[in-house]
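In what follows, chain A forms one complex with chain B and a second complex with chain C.
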Partner chain A sequence: MQAELIARAKALLADGTVARVLGWRKGDTDFNAEPAVFETAESLDEFVYDGFCGANLSKYMIKNSKLEGKTLVFLKPCDTYSFNQLIKENRINRDNTYIIAVGCYGKLDINKIKAAGNKAILSVAEEGATLKIHTAYGDAEMAREEAVLDRCKVCKGGKHVVYDELASFVDEEKPAAEGRFDEVKKLEAMKPEERFAFWQGELSRCIRCNACRNVCPACSCIKCIFDNNNYDAAQKVNTSSFEEQMFHIIRAWHVAGRCTDCGECSRVCPENIPLHLLNRKFISDINEFYGEFQAGEDTTSRAPLTNFTTDDVEPSIVKERG
Partner chain B sequence: MQRIGVFVCHCGTNIAATVDVKRVAETLLKEPGVVHAEDYQYMCSEAGQKLIGDAIKEKQLTGIVVCSCSPRMHENTFRKAAERYGINPYLVEIANIREQCSWIHKDKEEATEKAIILGRAAVAKVMLNAPLQAGTSPVTKRALVIGGGIAGIQTALDIADAGFEVDIVERTPSIGGRMSQLDKTFPTLDCAACILTPKMVEANAHEKITLFTWSEVEKVGGFVGDFKVDIRKKARYVDMDKCTGCGECQAKCPNKKTPNEFNRGLNNRSAIYTPFAQAIPNVPVIDKNACTYLKTGKCGVCAKICKAGAINYEAQDEIITREYGAIVVATGFDTIKLDKFNEYGYNTNKDVITSLELERLMNAAGPTGGHVVRPSNGEDPKTIVFVQCVGSRDTTCRGKTYCSKICCMYTAKQAMLLKDHYPWLDIHVFYIDVRTPGKNFDEFYRRAVEEYDVDYIKGQVGKVSEAENGRLLVQASDLLDNRQIKMEADLVVLATAIEPNEGVRRIASMLTASIDTNDFLTEAHAKLRPVESPTAGIFLSGVCQGPKDIPETVAQAGAAASKVIGLLSKDHLVTNPCTAKCNQVYCNGCSNCEKVCPYGAISYDEQMVIRFGARETTRVATVNTALCQGCGACTVACPSGAMDLQGFSNRQILAEVDAICR
Partner chain C sequence: MFKITNDQMPKLLKAIAETKDLFLPINNNGVTNFGFYKEDCTPDLDTLRTVKSAKDAFFPQSEGLYAVTTEDGKFTISEEEYCNKDFVVFGVRPCDVRSFVVLDKVFLSDPVDTYYAARREHGIVVSLACHQPDESCFCATFDIDAAEPEADVAMWNIEGGYAWEAKTEKGQALTESIKALLEEADVAKEVETEKNCIRTILSVLPNSKLDVSAFGAGKTDDLFNSPMWTELSNACLGCGTCTFSCPTCQCYDIKDFNTGHGVSRYRCWDSCMYHDFTLCAHGTNRQTQMQRFRQRFMHKLVYFPDREGMFSCVGCGRCVDKCPQSLNIVKVIKRMGGNSNV
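The block that comes next holds the complex of A and B.
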């Protein structure tokens, strides 16, 4: 898998098709791969593609697609939706991009591996359906299935919605998983005060590290309103006692109808706040009110929230849903 | 430093009875920046406005807050006053302490507190107001009238007589509307055709009026003074220029199985048809859903016999774009569907008919030549029962809560006309109340009761069923005598509630004109601006605004026309300076604003922007202030806050919220 991608990247660099490669390299640990730009064949030896390459690279293409020469980017199926959405919003120069679609078997959650009782993990090797975990206290095994990220359990399917070439190990036919909105339904079933308490509990852990915002492909404003002193929202969110709610709720509104549900916000949250649930609630409501809609499925359709038809749901109905 | 003046209006007792206006003024005077506060009985009066003027001079005010009625009522009044006394009109803010406070509260303490909060919010906002300058935009001197009934025709004639061009768009093959279906009209009993058809002819012949029949409004763009409207001219399959209106095609058309809409389905019509003999234009259309040739390619009789060669089976819908300065909605009404009123047996018994169907039966040009018969067997009726308020004043959610207004009068009319023709008829009218406010209306009704001996029974009909002898069995209650009635009848006429014509929602959406819960178009002010929509440049004529009879419709049509003439007489309109503005430094170029803009006022192009100290050529939004109407949709859609609305900036709104939550 990884060797194939490195070989392709080297070939495309060598024949001048692309000027640089956007991929992943090993982070400070074996299970912490991070996005990286490679400009030479030698540097590509550091390239990795494994179960820990959860990072969605599409947002990095805003900057890279503006550079001289094409950029090669590797996109997993769910990443391609974010990429398309950014094309739709005129943020990425598609002509300056070369996409290799890579297959995905669900990305791994190190927290789940730790929670299974593995301490001082040194490395994690993937062998088919099994993970071989090497720790300072000895080796262990666990089923790969048990260690995948929650977001991958409700995978949108194996299809890439945009690419230039497919890697050999893709499965475009892989069906979408069921139950994507089960967690949303649980929230909706709560009484308002229970729901408030739930979010209060979750959001009060927020340390405003901004990781969710910085990783989110939809949060790609040139200047975020929370960093802009021209708007009072910035100061307010920084000082108010309910800043955490306000920040996250405003963020959810700003990405409503544009969020592809890539789940990066929850993956990177150091406090493990299920931030994706706010966005998924919006998606579920949009589907219900305006018909099934998947942001980033194409680059031309009008998103329900920026479109108007006479069939649109009446505001009173929207209000009723809360 | 800002110097704000606060002016609290009593509005007689409208505000002062529930709000302690003195305390509002005293409290707001303590707000930072406020240097003057006073109250007065009628702030909008000459004397009240002068108080504002004096304070501007004496205290060198830089901003004004008027705590009074809704800004829709008097914002303009106070803006003009401010301008007269030397400060920019857009430095005035209104705190609505009447509609949003005194009128809806009973407790004086609570209401006073709320009035103070609303005033505080306005003070917080006015602090951030900037002086704005209004621009001007040109006026296209042509009006569009949607709907060719009596309302549309009268509006068009009045506008055209003033010298302006008018287009009428009518979706059926002929102008004339509901009135052309009627027999005679109350209270004077002149025949509808005799007074309507001359007007139809006049509209057709008027050099300033263009008729687009068998056409529909497809798309509306632009704004007051400069609307751009796409009109779909549906394929008629008959050449308007060649057709002589001889009617031969209709007579020879072998396909005569389509229910005749004009006769409310009481008989059938041919596939090629004009709705009625006096139709204007007198050119038939081919119903493509009925025509054998258009469906199967076989037949072609009409083309063969047409001496003028006017038939063209290849015709296609055509879309034309026209520009208008004003648009009048005159889309009229229809009777409600009676699916939910099974107790009257309308859908199961042919002898239960609506009052509009009776009009067709009574009409000399109707399916029976004016001879009223039982539709089931063609026999003469002996007893007729009229049921009032079928679906009107209905609180059961099956019908409409409002009074349809015309039924009491047309029922009296129908009863009297029937008695004139068939004196032996036994006529009973079941009613909740008889409502006859109008000139000569009650006299008219009394004539029916006193001179014509029509039997009016206060009570509702509970059930209409078929009796064994084939007649109808009517079960009802007489509320005055407190008894149950069972009577046999040959014909039951339902005074069916009226509702705005189907499709009015589509029209209203295209025009961004608001409608109420019953789909009637909303007027800008129920009393003071009854023929204008809140959307500038959109006017209302006839029943689309609310139930009304012919004289009221004609009066309103004239009123709408005079408003349109007033608008079209101007060479330029003053534009609203509260328009959106893009701070291009923060613009992502995402096009969200462009997509939501209903006026097409936002465009994108590559521009050089100095962004955080660096020069950059990038895709950014620009607002065309001549097109922008200040609706604010773009500011909500913009994720980075680059788009802001002048006069209603994000900072101002937040300042208001802060002041309220303080």
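The block that comes next holds the complex of A and C.
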């Protein structure tokens, strides 16, 4: 599949359809490919597409779609929702983009492979449903499905909601996984004190590195309130336990109704905080109050939180529901 | 040399904590960071690397400098106290121990940072050799021996527990204070075996000793205008993950926190990856992410050697593991320098 993508990228560069290619570049290990821009056919020899290309490239298109000439971007099914949402918010110039939709079988999380006891990993090879792991301490095998990112366990399905062409290995019919809101339900079932303790325990590890915010396709403000030194909100560190909650809760509110549940926030958190659960709770509530809604599914409809209908629930629902 | 068995270790930690503050790796919900010992905490001496380094022990992410409060039109200034009590930093890996040398160069040179100096004076460092080095370790690049901790006390994993050896006067005093829990034992042979194991593994790791000859003092002109910086930094999110997990990053900001009826002035880590880093009235700090990215690596690999005669990276590998987009100093070294282990 990688060879096919490289060949298409080279052809589109050669015939002038696109001026550059946004994809992933091989890392110095099997598991640290990085998002990269390729401008020449030769540089594309370093292009990679495999199980470790988890990064969602949509947000980089804010910058790249403003450059001269079209940018070719490779998007996985869930990435296309982020991309569409950015079009809706007028952040991406769609006319200046060319999308090749790529298939995805769940992206791998090296931390899960390490958590299974593999240290000093020298190589990881995907062989069907099995991962063959070669380490300085010996070799091991692991079921692929045990090593996928949490977000992939609740995959939205194989459908791409926006693209110019489909790669041969896509599976548009792949169904969505069950149980997307199971973790949310667990949190809802907790007593308020338990829930507070859960979030306090998780958020107390936050180091305010802003990786969650900076990677988030919905966080596309040119200047974030938390970076604006004219307000007390701009702090580079959690000044109190209230502060650490405020940062994350305000961020969750701000992306509510726009978050596509791409899961990048939790993928990048160095402290492994399940940040996506805050967003997913909002999604679950939106579904409950306004009917099923998936941000990024289209580029034109009005989103529940930015629309008004006489059927809307009253704010008192929060109190009534408990 | 002494031995402490696995069974005795919890008692040893408790005994230390009875007389001194104890800062050690603690597991919280599957994630290990340094923190202060509490009776109900879960110490974790097995995890090779904490997410954040041991740097917080001497240079905490945030520390109060003074507070101003107002009452009836008068205002009062209260200063923070300096550290004035001995404390133990336990289970520090050899790379992090070396990071203290880097921090000393910055904070103990004139003008001395008195907050840092007070903590250094009172801190006792107990280091643990790296039982199972990881693929992202590259400490040997900077002449650090993961098998030979350079601290007040050195520890090694051995069968059934740990070997314990005091290396300095501070270390001897600590050893005396907990001697009842240590077992005098001839474990030199076992320690030697452990050291050999560590070094054997390091020798097969791909990045353990990188070629850094392209970097160092005097290399600014060769590297500053390299077109590689744009390529290397293209995917950089401008987050602070690398900086905040780094044991040697030492830049800080001083900020005010409005408490409603006063102001807390505090110092906190800053990141050269942030857009407002070193922003002054002139408004012309580094304007692009490429410039910020270049600064971080040039500082560690060129400017610091220029000024202090040593690299300010210790090869702990945290940024390698943690960068959200897999950009890191090893990639910088390999792409701008040599590819091979030396």
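The working rule: the second predicted complex is superposed on the first by the 306 of 322 C-alpha atoms of A that agree within 3 Å, B and C clash if a C-alpha of one lies under 4 Å from a C-alpha of the other, contacts with A are read in each partner's own complex, and residues count from 1 in each chain.
Keep this in mind: a contact is a pair of C-beta atoms (placed from the backbone, for glycine too) under 8 Å apart; a residue touches a chain by one contact, two chains touch by 3 or more.
The structure presented is a predicted model; accordingly, all values stated were derived computationally and were not measured.
When the shared chain is aligned, chain C comes close enough to touch A:A120, but chain B does not.
Looking at the shared chain after the overlay, A:T306 reaches chain B, while chain C stays out of its contact range.
In the superposition on chain A, A:A233 makes contact with chain B only, not with chain C. By the touch criterion stated above, A:Y137 is placed in contact with chain C alone, chain B being left untouched. In the superposed model, A:C259 lies in contact with neither chain B nor chain C. Ranked by how many residues of chain A each touches, chain B and chain C are led by C.
After overlaying the two complexes on the shared chain, residue contacts for A:I222 are found with chain B alone; chain C is out of touch.
Contacts of A:L12 after superposition: neither chain B nor chain C is touched.
In the superposed model, A:R91 makes contact with chain B only, not with chain C. According to the touch criterion, the shared surface of chain A, contacted by chain B in one complex and chain C in the other, consists of residues 232, 236. Those residues of chain A that touch chain C in the shared complex are 27-29, 32-37, 55, 60, 115, 119-122, 135-137, 201-202, 204-205, 207-211, 213-215, 227, 229, 232, 235-239, 267-268, 270-272.
Interface residues of chain A facing chain B in the complex, by the touch rule stated above, are 89-91, 220-225, 228, 230-233, 236, 254-255, 258, 302-303, 305-308, 310. Every residue of chain B that touches chain A in the complex is listed here, in rising order: 505-506, 509, 583, 585-592, 595-596, 598, 604, 611-612, 619, 637, 639-641, 650-651, 654-655, 658. Taken in their complex, chain C has these residues touching chain A: 28-31, 33, 48, 51-52, 61-62, 132-135, 201, 204-207, 231, 234-235, 237-241, 243-245, 253, 255, 257-258, 264, 266, 268-271, 274-276, 279, 320, 322, 324-328, 330-331, 334.
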